[in-house]
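Each chain carries a letter (A, B, C, D and E) given by its place in the written order, and its residues are counted from 1.
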Amino acid sequence: MNETMIAWAFFAGKILLLFGLAFGFIAPIMVWVERRVCALIQDRYGPNRVGPLGLLQTLADGIKLLLKEDLRPNEVRPWFFILAPIICVIPATMAFAVIPFGPPTTLGGLFAEPKRLQIAELNAGFLYVLAIGSLGVYSIALAGWASNNKFSVLGSLRASAQMISYELAAGLALVSVVLLSGSVDLVKIVESQTYLWNIFPGFLAFLIFLPAIFAETNRTPFDLPEAEAELVVGYHTEYSGMKFGLFFLAEYVNMTTVSALAVLMFFGGWEFLPFLPWKDVGVDVNGLIPLFGGFSLPAVIIPFSWFAAKVAFFMFLFVWVRWTVPRFRYDQLMSLGWKTLIPLGIFNIILTTAVIVFHRMS
Amino acid sequence: MLNENYLLVLVLFPFIATLIVAFTRGNAVSWVSISLAAIYFVIALLGFSVKELHYTAVWYAPLGLSYGFYLDAYSYFLILLSAFLTLISLYYSRGVIHEKLAAYHALFHALQATVVACLLCDDLVFFYVFWEAMLIPMYFIIGIWGGPRRIYATMKFFLFTFAGSLLMLIGLIATYVMYYKGTGQWSSSFHSLLEYYQAHPLSVETQRWIFLSFIISFAIKVPLFPFHTWLPDAHVEAPTAGSVILAGVLLKMGTYGLMRFAVPLFPEAAAHYAMPLCLLSVIGIILGALVAWRQTDIKKLIAYSSVSHLGFVTLGIFMMTEIGWNGAYLQMINHGISTGALFLLVGFLYDQRHTRDISAYGGLAKILPAYSVVLAIIAFSSVALPGTNGFIGELLIVIGSFQSKVASWGWVVAASTAAVLGAIYMLHLVQKICYGKNQDPQNEQLYDFRFREWVIYIPLVALVFIIGFYPEWLLGPVREKTMQIFSTIPQHLR
Amino acid sequence: MMSVPISYLLFLSFGVFCFGACGFLIRKNALSLLICLELMLSGVNIAFVSFSRLHQNEAGNILYFLVITVAACESAVGLALILNFFRIKKNIRLEEANALEG
Amino acid sequence: MDNPTEILSFVMGAAALMPLLGACLWFWIGKKFGNEKVAEKIVSVGAVSFMAVSFFCVLYTFLNVEGSARVTFFEWIRFNSKSAVNFAFLLDPLSLTLGLVVTGIGTLIHLYASGYMHGDPGFGRFFTYLNLFVFSMLMLTFSDSLVGVFLGWEGVGLCSYFLISFWFSEEENANAGKKAFIVNRIGDLGFLIAMCALFKVFGTLNIPELLAAVQAGSLTPDQLFWIKIACFGLVLGATGKSAQIPLYVWLPDAMAGPTPVSALIHAATMVTAGVYLTCRMQPLFLLNLEILEILAFIGGLTAIFAASIAIFQNDIKKVLAYSTISQLGFMFLAVGLIAPVAAFFHLITHACFKALLFLGAGSVIHGLHHEQDMRHMGGIRKKMPLTFWTVTIGVFAIAGIPPLSGFVSKDEILHFTWHSHRWWLIMFAFTTAFLTSFYMGRLWVMTFFGKFRGHHEAHESPVSMTAVLIVLAILSAIAGALNWPELWGGSERLNEYLRAVVSQAAGEHTEEAFYSSLKLAGISSLVGIAGLTLAWFRYRNFAGEEFKAPIFRIFKNKYYIDEIYDFAVVQNLKRIGYALWKGVDGFVIDGFLNGCASVSTKASLRFRRLQTGMTQQYALWVWIGFLLLLFGAWSLR
Amino acid sequence: MEIQQILFFSFAALILLSAALVALRPRPIESAMWLILNFFLTAGLYILLGSNFVSIIQVLVYAGAIMVLFVFVILLLNLDPREFGSEAGLPWTSLVMFIGFLTFIVLSLHVATPELMKKLPEIKETGAGVFGSIESISMVLLKNYVWGFEIAGVILLLALIGVGLLAYRKPPVRARAIHTSTTDTMKDGGAS
């Protein structure tokens, strides 16, 4: 097993781990969590029959979706109707490729240099995420348009407008974080937060970023594209079966991505606590962990778990908000985006720049 | 003694006057405008003792552009003439023009401003700018207060002169660039160009092309045959005061350009083209006179007489003799006075009868004796009777041209026939208007000169005789200037 | 890293550009026109980036940024115009945009 | 004013300015007071006294100037640093003599006119013009430069114009004035050219310098050529002003003016300006003998030509007008034969008797209430005795009856003609002499003898007119004494006096010459008497009949010269003018322009089809152009 | 053949193919889709060329912003074939294609010279970082080309204002709108 093979194996491992988690674990678990939390908030049981605590309910649903007939209404635009759910998953998955989920590591000496724990070792990950994130809109737009259903079209129109708008806000918010960290490399951003998480100097940015990611993922309170009461369910009204399943899947993957991004950008990624990094606790994230002497895996697992926990919190936040905050009206949504968040973002950039320049000078 | 700031006053005053007049409203317009014109005339008179003034301020140094103004005899007397005629035409217009009064007066001041700036500027770029700018006020004056065919006339006027100016622009640019090629630095100052081109004349071939581009523009402005057909139309349609300024000042810009720019810069080319240009001048002289004779429209008659007279001026210039140049310059002034006065006299009749048809009048010497006397004096000044201003100019031109090496003396003889032809059409005019029996009862209602008219015509008539009997006050400075210019022209070309 | 001659890249650039230009003339609706315009700009961008690589300086890349700035503006304004056109004519057929017919 | 030059300049300035001042004054007074009696009085007294002052000034100068003198007033035109023209007077025998004639005759005619113009609404205006004329004439006479002469030369033309068309309400009068001015202008053109040529040669236009330069000699052939041109020009000028062939046509028409005008301007003074000029510039002509030859021929031809026309004129003033032309021809004949003194002598005598004749005719016209046609006159010698007797002296003088002035001066010219041995000139001269006495006799007889054929009763003229007639008659009678030939015991004072400035072959003082001259005198007086006698018998009982033969119709219609000029020159010029206007300006130039305009209009109508409004087609054109550029760039590589 | 060459040729082929489809597909939405694909492929090509940052921007701006705008407008208008116009005729199409082909040939003639046939050099470190990286580009952009950068900003601002003005419609007065709509319905109702 030479170095190249180890590298390939490591690469494959990363892919497997992440995508396995994303599709095989997070998405089903999240569906379950969502339903359960919903039930909890609404003071009812939720799914609790299939498997322990109803955990297998999602699996059963998945099987059902896969086995259902592939319905295709007469009036739809055929190619795009099929294409839309497919390209819905692609960007979601692609964005995932640059999310680092742990500190660079030599895997206990397997490698001469520390390897990064992200699938594509891209040094402009932040931009990449933004770039790919902006593509999600296509699938929604196409889906609505291809369905040839006025609710769907309206839904997709709302979706595209909303996503473009809030993408700007999110981008502006993140620019200030980039300014603070001095890099667009996600790993370096995390490393720059060793002692001071970006949430403290960049609190304003976070305030902008948080609603923006809700809107980007079309989650309540910004789920106008699929507002059941107004548009039936918007762009995927005509979809059923696994095509619907893909949309469903992509939504949770996207949620995961943006949650991970929030953690990476603002909450120190895999770092332990604000002002208290692993290093100070005694964990050397780049090498052996003295606690377990010689065994290298926990050096990966401990920060990863910590990171996963943070992401999980954000996922829970999504769910929590969904069932507690009412939906915005569409014009409120737009004016919040264009008249509040974007100017605020610009102001934030100027402020941050000024502070940084001032700091450098003094 | 006046210093170079006097030039700034001279240039800027009419612009300011334009603005003041443009924003004046109501009954005050006329008086404000006329008093401004009078003040300007006085300012212009102040410069009489000035021999030469030069003002320069940097505009854009890398390209050698400057706010350069230069006053000498050549520009001074034309400025004086312009100020004088503007004053008189504005005074005349009082009570004649009623609509859009402020605009009317402002346009005349603007015209004055552009003309003066064009005369004074020492910078080719400025020269071109103001050369073009001159068209604009005149365009509006004819186009708004003109006669029934004014649109045709303004279009013709504008297209003719504009086409010429564009050609001149090419020439100006060539002059400018050649200087750069020769010296390695940019300059658009006429003086530095002149000095350079005198020291290092361009090849004759190049000179010719540049000269041609100049000459067409100037010839159209003058207007030289065969570019003259815009003139009768423009004159006929223009309001009286517009005609006065057009004939009295604007046409002079062409000949002034010849004397100031075209010939001194490119003497070789001027000598090369002098012969055909003289021929055109002679044709213009004779054609203008003969055609004038056959006109029934009084204004058209005078317009064609302008063609004839300005033919003399160009003849004097292109014959390339000092005496001829002095005569040509004097003739420019004379033409301004005489033709301006003639247009005013026609206007006097037109304002009362609203017709310019020569046959509508007759026997006015009985009804309007004072008018007839003034008309006769001006007419005889126009036909160059000795003792009037016209004679001095024409004599100098003819005597100068006769000595020229440029063209045969036979041409001078041919040109001099205009003395006869001029008498024919002018006496025709005087006879048809003043002599004979009055056929039209409407003419009985005409009023003769009142105070207003005397104010206008006494200075004009006085000038006719002052120049006729004592031209030295004008000729003296001009002669010195001409001598200065001729000292720069190679001996073999004179 | 890349071992093809610059001319191949330029051929590619020309090809994209010419397809864009052809599309620009063939299509009869304003939207497709704008789309083809983007294609042409993209073709130009390929050339810029290729030359940037050839000369190993960033000028080409920077020109790429300027080009996309223009492209973004152009598409935004163009689309706004199309919207207005649609509001007036209720279609986007270029045949109907012939008010300048001589 | 101790300096004699200063005194002279003051005196001569006064001489010239008095009429000019008068001109302004009379105009103002005439305007101010209308035609009131008082205005007329002021004007008439003023005008005559101003003229008298002027005359005495000239006389003073005449008596006080030895040889010649120059007075300069101020610089007029400066040509260049070397040469300028001044307002300056050249006082020499020639100019002073003419000056005396002008002011002297002028004074008399002013006096006459004050009676003649009595009651005319334009009384003030008339004297304005008349005084202006005298001013111009004095400028012409005394100016020491050709430009100054030209000022006078044109000035008299101008006044002539105003005076001919004095009664402007008649279209004819206005036309006659215009014709006079324009024809004169043709002559002036010659003058102008002469000035140019002389300036080219000598660089100055001051007469003394010019003549000095000519007399200094050593001229190159080129210069001689220019002098020849100048001489041609001067001859043309002289023919215009002095009404010689081919430019004489204006003079007969000029009779449209009031009669005093005809007397002063068109008989005594202005028309002699040509003679004066040629005499003044004689050194130039002496370099060009062939031009003198031509001048002599023109003079002779004009003399006989005009005389032949005069025979058939019925208008009394027309007869006198043609007579004037004819007599001027005599003078030019003399000048051409290098006898300027003779010419000048004839000029003076002619001024006297022709003025007399005109004024006499004016008296007749005045007496007959503006009747000018001789066919409506006759037998008025009883009614107007003074007029009759004075006119008779005039007629006899012009007819060459010895010893009246006309005989002496004409005989001198005939003498020179005879000795020139040119048979055609001799023939012209003697025939003219005969014709002159014939038509003058005709005039005399038709007017004063026979039956009265008019409409109005004749009356004698006022004293102011007849007195002038008497003075002039005396002058006409005795003026011959001025230059009575030495051969016949005279002193030839004029000859002596003028010799200083003009050259003339001196007469021989031999026996042979005496008999030869006596023979000539006999022949000439015989010719004169024969003419008068013939006229007496032919017209004694005139009742309206005329020569009927067709050949005479040509004479009667003045050889159709006016018609030929009109047809050949005026109409053609009109046509050319019209053609230039409509053809060159309207058709060629404006046609070209409008053609350009319409071609571009039409072309743009074609080209606008290229503007389909389809953007993509435009784009295709752009593209194709781009492609061609690319291809061009490649193929040029 | 190296792997990069293989990648390049396959990318090039796909780029050309998608470009052709952009030009040839009749419906705007299809063109847009193919164009998006084309941009992605081009982004890939840029990565091959070493311009990573450019590649990301290509996706972010072109695919992510500009094309979204297009798709958005296509959706907004929701055109049927009648509204987006008939197809050009065969003569016109073939003429245009022919000229396009000629242009390609002539352009290619221009670059088909030996000195342009040399292979691209290897990527070097520039002063500020690896060629094509964000550091390297931004150092040059914000130092040497800062004016171009600023002007680009101004152009964007102008476009922003311009589009705002173009797209702005006076909002109808609400009450009035309701009123008219009710009358319309009433009319419709009356008519039916």
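Rule of thumb we're sticking to: a contact is a pair of C-beta atoms (placed from the backbone, for glycine too) under 8 Å apart; a residue touches a chain by one contact, two chains touch by 3 or more.
The model shown is predicted, which means the values in this text are computed figures rather than measured ones.
Looking at chain D and chain E, the chains in contact with each of them are C.
Graph distance from chain B to chain E, where chains that touch are one step apart, equals 2.
Contact count check for B-D and A-E (C-beta pairs in contact): higher for B-D.
In this assembly, D is the chain whose CA centroid lies farthest from the centroid of chain A. Central chain by Cα centroid: B, whose mean Cα position is closest to the mean of all protein Cα atoms.
Rounded to whole angstrom, the centroid-to-centroid distance between chain A and chain D, based on C-alpha atoms, equals 120 Å. We define each chain's centre as the mean of its Cα atoms; on that basis chain B and chain C are separated by 58 Å.
Centroid to centroid, with C-alpha atoms defining each point, chain C and chain E lie 6 Å apart.
Taking each chain's centre as the average of its CA atoms, chain C and chain D sit 92 Å apart.
The set of chain D residues touching two or more other chains comprises 620, 623. Within chain A, no positions touching two or more other chains are listed. Annotation for chain C: residues 21, 25, 94-95 touch two or more other chains. Across the assembly, chains come into contact as A-E, B-D, C-D, C-E, D-E.
For chain D in complex with chain E, the touching residues are 620, 623-624, 626-627, 630-631, 633-634.
Residue ranges of chain E in contact with chain A, taken from their complex: 29, 33, 36, 52-53, 56-57, 59-60, 63-65, 68-69, 71-72, 74-76, 78, 133-134. Those residues of chain D lying in contact with chain C across their complex are 607-616, 619-620, 623. The residues of chain C lying in touch with chain D in their complex are 21, 24-25, 33, 94-95, 97-102.
Interface of chain E with chain C (complex): residues 2, 4-5, 8, 12, 15-16, 19-20, 22-24, 26, 28, 31-32, 35, 38-39, 42, 45-46, 48-51, 53-54, 57-58, 61-62, 65-67, 69-70, 73-74, 76-77, 79, 82-88, 92-93, 96-97, 99-101, 103-104, 107-108, 111-113, 116-124, 126, 131-132, 136-137, 139-141, 145, 148-149, 152, 155-156, 158-160, 162-163, 166-167, 169.
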